[in-house]
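These notes concern the structure reproduced below.
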Amino acid sequence: MSTAKLLLHCPDRPGIISEVTNFITINKGNIVYLDQYVDHDENIFFMRVEWELKDFFIPADKIEEYFHTLYAQKYDMNFRLYFSDQKPRMAIFVSKMSHCLYDMLARYTAGEWDVEIPLIISNHPDLKPAAERFGIPYYVFPITKDTKVEQEALEMELLKEYKVDFIVLARYMQVISPEMIKSYPNKIINIHHSFLPAFVGAKPYHAAFERGVKIIGATSHYVTTELDAGPIIEQDVVRVTHRDTVHDLISKGRDLEKIVLSRAVSKHIDRKILTYKNKTVLFS
Amino acid sequence: MSTAKLLLHCPDRPGIISEVTNFITINKGNIVYLDQYVDHDENIFFMRVEWELKDFFIPADKIEEYFHTLYAQKYDMNFRLYFSDQKPRMAIFVSKMSHCLYDMLARYTAGEWDVEIPLIISNHPDLKPAAERFGIPYYVFPITKDTKVEQEALEMELLKEYKVDFIVLARYMQVISPEMIKSYPNKIINIHHSFLPAFVGAKPYHAAFERGVKIIGATSHYVTTELDAGPIIEQDVVRVTHRDTVHDLISKGRDLEKIVLSRAVSKHIDRKILTYKNKTVLFS
Amino acid sequence: MSTAKLLLHCPDRPGIISEVTNFITINKGNIVYLDQYVDHDENIFFMRVEWELKDFFIPADKIEEYFHTLYAQKYDMNFRLYFSDQKPRMAIFVSKMSHCLYDMLARYTAGEWDVEIPLIISNHPDLKPAAERFGIPYYVFPITKDTKVEQEALEMELLKEYKVDFIVLARYMQVISPEMIKSYPNKIINIHHSFLPAFVGAKPYHAAFERGVKIIGATSHYVTTELDAGPIIEQDVVRVTHRDTVHDLISKGRDLEKIVLSRAVSKHIDRKILTYKNKTVLFS
Amino acid sequence: MSTAKLLLHCPDRPGIISEVTNFITINKGNIVYLDQYVDHDENIFFMRVEWELKDFFIPADKIEEYFHTLYAQKYDMNFRLYFSDQKPRMAIFVSKMSHCLYDMLARYTAGEWDVEIPLIISNHPDLKPAAERFGIPYYVFPITKDTKVEQEALEMELLKEYKVDFIVLARYMQVISPEMIKSYPNKIINIHHSFLPAFVGAKPYHAAFERGVKIIGATSHYVTTELDAGPIIEQDVVRVTHRDTVHDLISKGRDLEKIVLSRAVSKHIDRKILTYKNKTVLFS
């Protein structure tokens, strides 16, 4: 059944939950999900509510206007509204490593995710066969220092053409330029192959090996203009020992990376992430 | 039954295991533990072997000399020899937080550890009652910038007097000076309340909260002259969410800290740690 | 500041959150915590709300009556009301192992927990010194098959005398009889040394060793009349390998047991557990 | 470079390591891996050693004979010899769920595993498209109670024809009959979707949900004639909460299952598993 998903945050004041749930209930919406959270340090109220649209009095395309007029202004709310029957459209960027790509394509093909993947973009031709296996268009944009600006411009045209809502960097070995990041605020998800903020930047497994850590990690985060410093969505770790070589770390890390990235993408697809300042609020 | 524990490392060459195990077996030592590991990057061979001394031909106090003469020279070995009937003597340094201290005293009192804890040293009087509960002498050395050198000198005299073999910093909120570190090389174990190398230095939980991490950690390591950069012995982590305040991180972290520190101390007491360059080899 | 904590569950219907939060807000209570959860399978609504009593119109000793009259009847609610200035009183039952006991006494002494521990009860005298270290009365009730009924009766008298609210079985090696369990419904917390429902009953580490598992666990749960089958509060696990002996499992398990038990006790003290059928709802 | 991998176990006696490493070294084999383990309860010695064959005096096809004659008889050894240039051949059995299958095919295609996958067998046609994507023959053997014996006989013929060395049951929803199990002793790897021995048999996620566990697991094991009771190779777990529905457990479990199964298969391919009685010894 078709549902509306409303995510919002605003300064915390008494009565917000009452008003919002009343708005839905009075108009004959059946609430199937409600979670809220108050950040008492910042005094910010966060809420995610989902209701069935079947008997809802307000037409779907008018809900945003009504909610804005009646509540968002009053409470100084920042809100987003989604509908379950509008699948988000996701582009995948890859370089040469296939593990994250295959993991996502397998989920997509198995129907695990409510998403469309209309295209894959890469700076290398290597993973074209993988894309073809799953029947997804694959575009190659080789990137050098000199061509970066124009190539990214072409990529962005393509993303517009394909009506892409958000981008997943699946071990894409290029830094995204600020222009592109600004066009997709909190809509570019990256997987960094370390337990951030440890080992920012290139070759984190080599750095972890050098440091002699006993645990390695992976971190998925939204991309911001500061390298590896955007809001963290999900992290996980795995134990290593002195017996593990750099190659072993890379191998163990691959499993982490794909699971951590897919968990983050899954939360994003389900509209369960709110971002505030440089942190994420993840609804269950 | 009394055993000898031999830990060694040397350039890797064929035949070392054979020679060492032959040495023990021929002299009627019954091997009860043997583990080895080769670091192929550095070409270093590491070994830990333990055998019963009951029928061993060579007197305990001569084994070191014999082993040095017969094998250590030949293979350019770095080795240490311990006996199970000689309990190591451990000093605990604390400031004001009691959780790591109580965890260790409880293990000590329950007979979990083969160790002596002859004294506790602190820069504050706060935990004297805890020490008294377990009947362990507690010495207070208040430390200011001006008194640090002389106070540490007094502490070191006391440590000598009590024949202390190694030191555990159980949330001791003072940087140890290089002089003291040099006197106890790889014999001072610290617990840092973060997943190193993330959040080096002061207030790591506050820094973790600011960064919005989804997992926090704790790290036990040997103290070297570079802050929080010594060989890592053990690490562990626990999940946190956006709902956790700094206070919650501190609270969850306490449990991590005490367990991670005690695991490291336990390995040290059992003579299961070899250090090479800035890393540890942990035998099982 | 003094707060009221209200936990409730009832059949899910629209408007409950609104009504309850209105009740608090209108009467000038400042809500500092609110979390709710709907079990859509069972159609049950669960809620925990906490508010400051400073300016609350209704006197603390009248809140229960008012809430019952105005809302609990209407919504067929099952509710409990607590006040932050009334510390729960907890009895600890032990046998011979000290690790869980020390862990709790250390937290208690350090002020980590908002609880009173007026007495410790045991079927053995062994841990009397531990109790004395922390100045807590220790009562011994030796139990044999023949004396069980009468000894438990005496224990229950003592618990009443000390006004005990709930009981923690800290590796207490006796099955509690149904009479006692019925007197403390969902108020007796046990730690079982396995990942339940694997290895119910005696000697779970031996059974885990025999089965060759690669992970061991510990489970804290409320005690019901069916052995090791009550509502699970908290579980955790640790990796083991083929190298670990039964003794190693027991040793690794001790750390798990004490942490898992203390996490459960902590949640219980904070009034963050609701029980429904044979499961727990744990609020954050 | 081509290597030989020797795995053995035998009653523990002094000198085995010496003799075996001498045998290799004297014949100009360069040892690149050695690990051993003694089960002191059973008094069994386990060893895995790997050496380069380049300058080895004994021809590869004679090593087994020589080793048998010279050492295996003397020490009553049970041993297996493998060569790195002989890739094991693995058949995958599936039913309708694709997650484990895709995970393995992605690793295979990316060159992560030193294995051949010549065919996939199923009791349903559903995953034929997945097999075709990766160009692997897919055979369907519908199985009913009445046809089971004859269909398995046909499967076994096919396995022989394809020279299959071992079988992976990737969420294959059929019990394998004893005849087939006996033909592939410790060569059929299954993934069970629970933390064994909890929740043996069908619908473990439903059972876990009913029991209200706070952690779910997955277990890969060798198949023996007793259901879900064979030697455990690998296990892992993930946290769940009261908010997770059965559907959520299934979804979280999928990620566990594929990772745990692939870890086990990886160890098997690398010849790092020894089985003794009903347990596995896993070399690093």
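The chains carry the letters A, B, C and D, assigned in the order they are written, with residues numbered from 1 in each.
We adopt the following convention: contacts are C-beta pairs under 8 Å (C-beta built on N, C-alpha and C of every residue); 3 or more make two chains touch, one makes a residue touch a chain.
In this text, all values refer to a predicted model and were calculated from it rather than measured experimentally.
J.: State the pair with the higher C-beta contact count; candidates are B-D and A-B.
T.: If we tally the C-beta pairs in contact for B-D and A-B, the bigger total goes to A-B.
J.: Relative to chain D, which chain's C-alpha centre is the most remote?
T.: C
J.: What angle of turn lays chain A on top of chain D when you fit their CA atoms, given in steps of 5 degrees?
T.: 180
J.: Taking each chain's centre as its mean C-alpha position, how far apart are chain B and chain D in Å?
T.: Roughly 38 Å separates the two chain centres.
J.: Any idea how many Å lie between the Cα centroids of chain A and chain B?
T.: Between these chains, centre-to-centre, one finds 42 Å.
J.: Among all residues of chain C, which ones touch two or more of the remaining chains?
T.: Those would be 40, 241, 243.
J.: Can you check the complex and tell me which residues of chain C touch chain B?
T.: For this pair, the touching residues of chain C are 97-99, 102-103, 105-107, 109-110, 112, 130, 133-134, 241, 243, 251, 254-255, 259, 262-263, 284.
J.: Please output the residues of chain C touching chain D within their complex, sorted ascending.
T.: For this pair, the touching residues of chain C are 37, 39-41, 195-199, 211-215, 217, 231-237, 241-243, 245, 278-282.
J.: Contact residues on chain A for chain C in the complex?
T.: Where chain A meets chain C, its residues are 14-15, 17-18, 21-22, 25, 31-32, 34, 36, 38, 40, 239.
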